[in-house]
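Have a look at the structure below before the remarks.
As written, the chains take the letters A, B, C, D, E and F, and residue 1 is the first residue of each chain.
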Amino acid sequence: MEDKLAVLVIEDDQSIQGIVEDALIEGGFEPAIAASGEEALILLKGGAIKYRALVTDINLLGRINGWEIAKQAREIDPEFPVIYMTGAAADQWASHGVPNSVLLTKPFAPAQLVTAVSHLLNAGNPPSAPA
Amino acid sequence: MEDKLAVLVIEDDQSIQGIVEDALIEGGFEPAIAASGEEALILLKGGAIKYRALVTDINLLGRINGWEIAKQAREIDPEFPVIYMTGAAADQWASHGVPNSVLLTKPFAPAQLVTAVSHLLNAGNPPSAPA
Amino acid sequence: MEDKLAVLVIEDDQSIQGIVEDALIEGGFEPAIAASGEEALILLKGGAIKYRALVTDINLLGRINGWEIAKQAREIDPEFPVIYMTGAAADQWASHGVPNSVLLTKPFAPAQLVTAVSHLLNAGNPPSAPA
Amino acid sequence: MEDKLAVLVIEDDQSIQGIVEDALIEGGFEPAIAASGEEALILLKGGAIKYRALVTDINLLGRINGWEIAKQAREIDPEFPVIYMTGAAADQWASHGVPNSVLLTKPFAPAQLVTAVSHLLNAGNPPSAPA
Amino acid sequence: MEDKLAVLVIEDDQSIQGIVEDALIEGGFEPAIAASGEEALILLKGGAIKYRALVTDINLLGRINGWEIAKQAREIDPEFPVIYMTGAAADQWASHGVPNSVLLTKPFAPAQLVTAVSHLLNAGNPPSAPA
Amino acid sequence: MEDKLAVLVIEDDQSIQGIVEDALIEGGFEPAIAASGEEALILLKGGAIKYRALVTDINLLGRINGWEIAKQAREIDPEFPVIYMTGAAADQWASHGVPNSVLLTKPFAPAQLVTAVSHLLNAGNPPSAPA
């Protein structure tokens, strides 16, 4: 079981990058940091590494935001675990988030991130229509 | 308790309209039918009647589809209960649906619709970020 | 399977009594109406009939309210299904309700009541501490 | 939407058969009754009709019981909705039931059955490993 | 993201205090310890620090117990995350706990506490009436 | 609160054993490793130590597999938390797993295991029939 689970992180603020990276490594995941949505999409679609979850800020460098990245990730894999991190855009989650996603409002504790990623991965195939 | 709970239904197929209408009435709700997304938005924003839930087809007459209507309803009220009905677009739910919504794949039984509406209403304020 | 499941209902408003009674009967339950909390406690503790769920208004005739009745029902049986019905006291649920209970805000549709009772009964032994 | 959702019911007690059949029809489903597990398996595997859910007694005529039928149904379709009905074997559910199934203890109200079937169908693809 | 999330802990047993404090710090939270319910209420109502969750023993020094503190915290904020820790009073949770709370039975592992706090925080606005 | 919660782990691959052991210890649990299902049953039934959860591989040395061990553990205690770990047998979970269990697909991150164990323990008495 040497293969670690790769988690794609999109965050340009270096201090938060560091916290997220440390938390995921300590939880046993392998974070890959993308600085912009465009870069993240190349990684997601490249297929060299199979990412298992997306952890994304909302307001990103470049032209695409976190809501849009998550939609594209779900078009590739309808069950892709998605965690949004945001300080200001939390109230948009109800209209712009994808189903079965988690929103972490900044500031959050590293344990919240690790619990959210673990929980979504453990849930396996999330319901396509929870009722 | 004479006031009935108004449920906004967007569906242009008359046979499904009838089934949905009958099911909601039998469950004790008061359905209001809109034939297009544009008409539905006028009703939602008009405020003459306070709708308590949205039941919408995906492919609608006019220029806006069901995914878009639901987003606009959630911008007005982040906790608005949303039920999508679709035959062909079910695989888009994971990327285009709003969180805490229910997808009914056609054909469905009337009891599924009534259970879904009841369940979302009973849940009160749905979690802004379920984890 | 002739035995019907008895549901104890505490409600003094006769019009709501009627709606609740009809909804439960149509769902296949056997409602027993108590007009006050004191009367309800006598029925719950008497043991002549084994009630399977409690549906209670908050503001009751007599000295005990619905929050208190539910607590006493849970002291007898920690897994007793509890549904509160209220028009004015909904915001007290978070501090005065018992865990794993459902709050129906008046007005509600009969289907919401039947779904709530069914859902709590189907869940069997509700978690003693959901996490 | 003329196609009704077929639900396979395995129950040999005629009075319960009648109650289950009536409840499903009123909920808008199309029940198909099998008197034994062997007969049910032929129907499930025959493929002439696509069943959408299984409602089964535990102690069946013939050599296979309800626990076993449910396992075989899940081997054909890992997300097949399963509802067990039992009077005496409820305590075996935790060790013999399949994940994401519902157990109804006899006697139950018809609304509990309809809510359970609707709920499992609405959940779409149940999680392969809920956590 | 330098701000840590403050978690109010009410526990007078020093050995458990230490375990809870260490677990929360390692999870990235900032625990504040109160030795009595009275002290905790002063902190909650003082407003100098915005606490994000309550972790409380049931039997406290002073006149108010953990069940009562949680009710008061929920009256201030209906969505306040509440975790009870208890050795002896677990069977009272069903009648005295607040909805959407978690009960940890002593002894528990530190990871259970961190998971419970994270889970409740991630759930954002817990449902006001889950059904 | 010196007593640690014992978790029974059945795994013969030494590298995975080590990862599971380390993760549980860091989470504050006390893992006990059994190399075969037969050995695990002796420990479970021996009663010298009260195990609080089972973490088991599917394909085991000896004649009994992980699906079978979990069934036997649930016959002793219907609410026993069960976590399966598997690389190859994940698609059998829907038909061979016990209700309210978690499946971890190898490779998994240590945090997923700790979250799953914590989550099941926090849930206390899991529903005997979730609906």
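Just so we're on the same page, a residue touches a chain if its C-beta (ideal position, glycine included) is under 8 Å from a C-beta of that chain, and two chains touch if they have at least 3 such contacts.
Being a predicted model, the structure only gives us computed values, none of them experimental.
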Original post:
Same interface as B-D shows up in which of B-C, A-B or D-F, over half of contact pairs matched?
Top reply: B-C
**OP:** Would you mind reporting the rotation angle for the C-alpha fit of chain A onto chain E, rounded to the nearest 5 degrees?
**Re:** 120
Original post:
Taking each chain's centre as the mean position of its Cα atoms, how many Å separate chain E from chain F?
Top reply: 28
**OP:** Round to the nearest whole Å and give the separation of the Cα centres of chain D and chain E.
**Re:** 42
**OP:** List the centre-to-centre spacing of chain B and chain E in whole Å, with centres computed as mean CA coordinates.
**Re:** 38
**OP:** At least two other chains touched by the same residue of chain A: list those residues.
**Re:** 102-105, 114-116, 118-119, 122, 124, 128-131
Original post:
So in the complex, which bits of chain B are touching chain C?
Top reply: 1-5, 26-29, 114-115, 117-119, 121-122, 124
**OP:** Could you pull out which chain F residues touch chain A in their complex?
**Re:** 13, 15-16, 19, 23, 102-112, 114-116, 119
**OP:** Note which residues of chain C are touching chain E in the complex, please.
**Re:** 70-72, 74-75, 78-80, 90-91, 93-105, 115-116, 119-120, 128-131
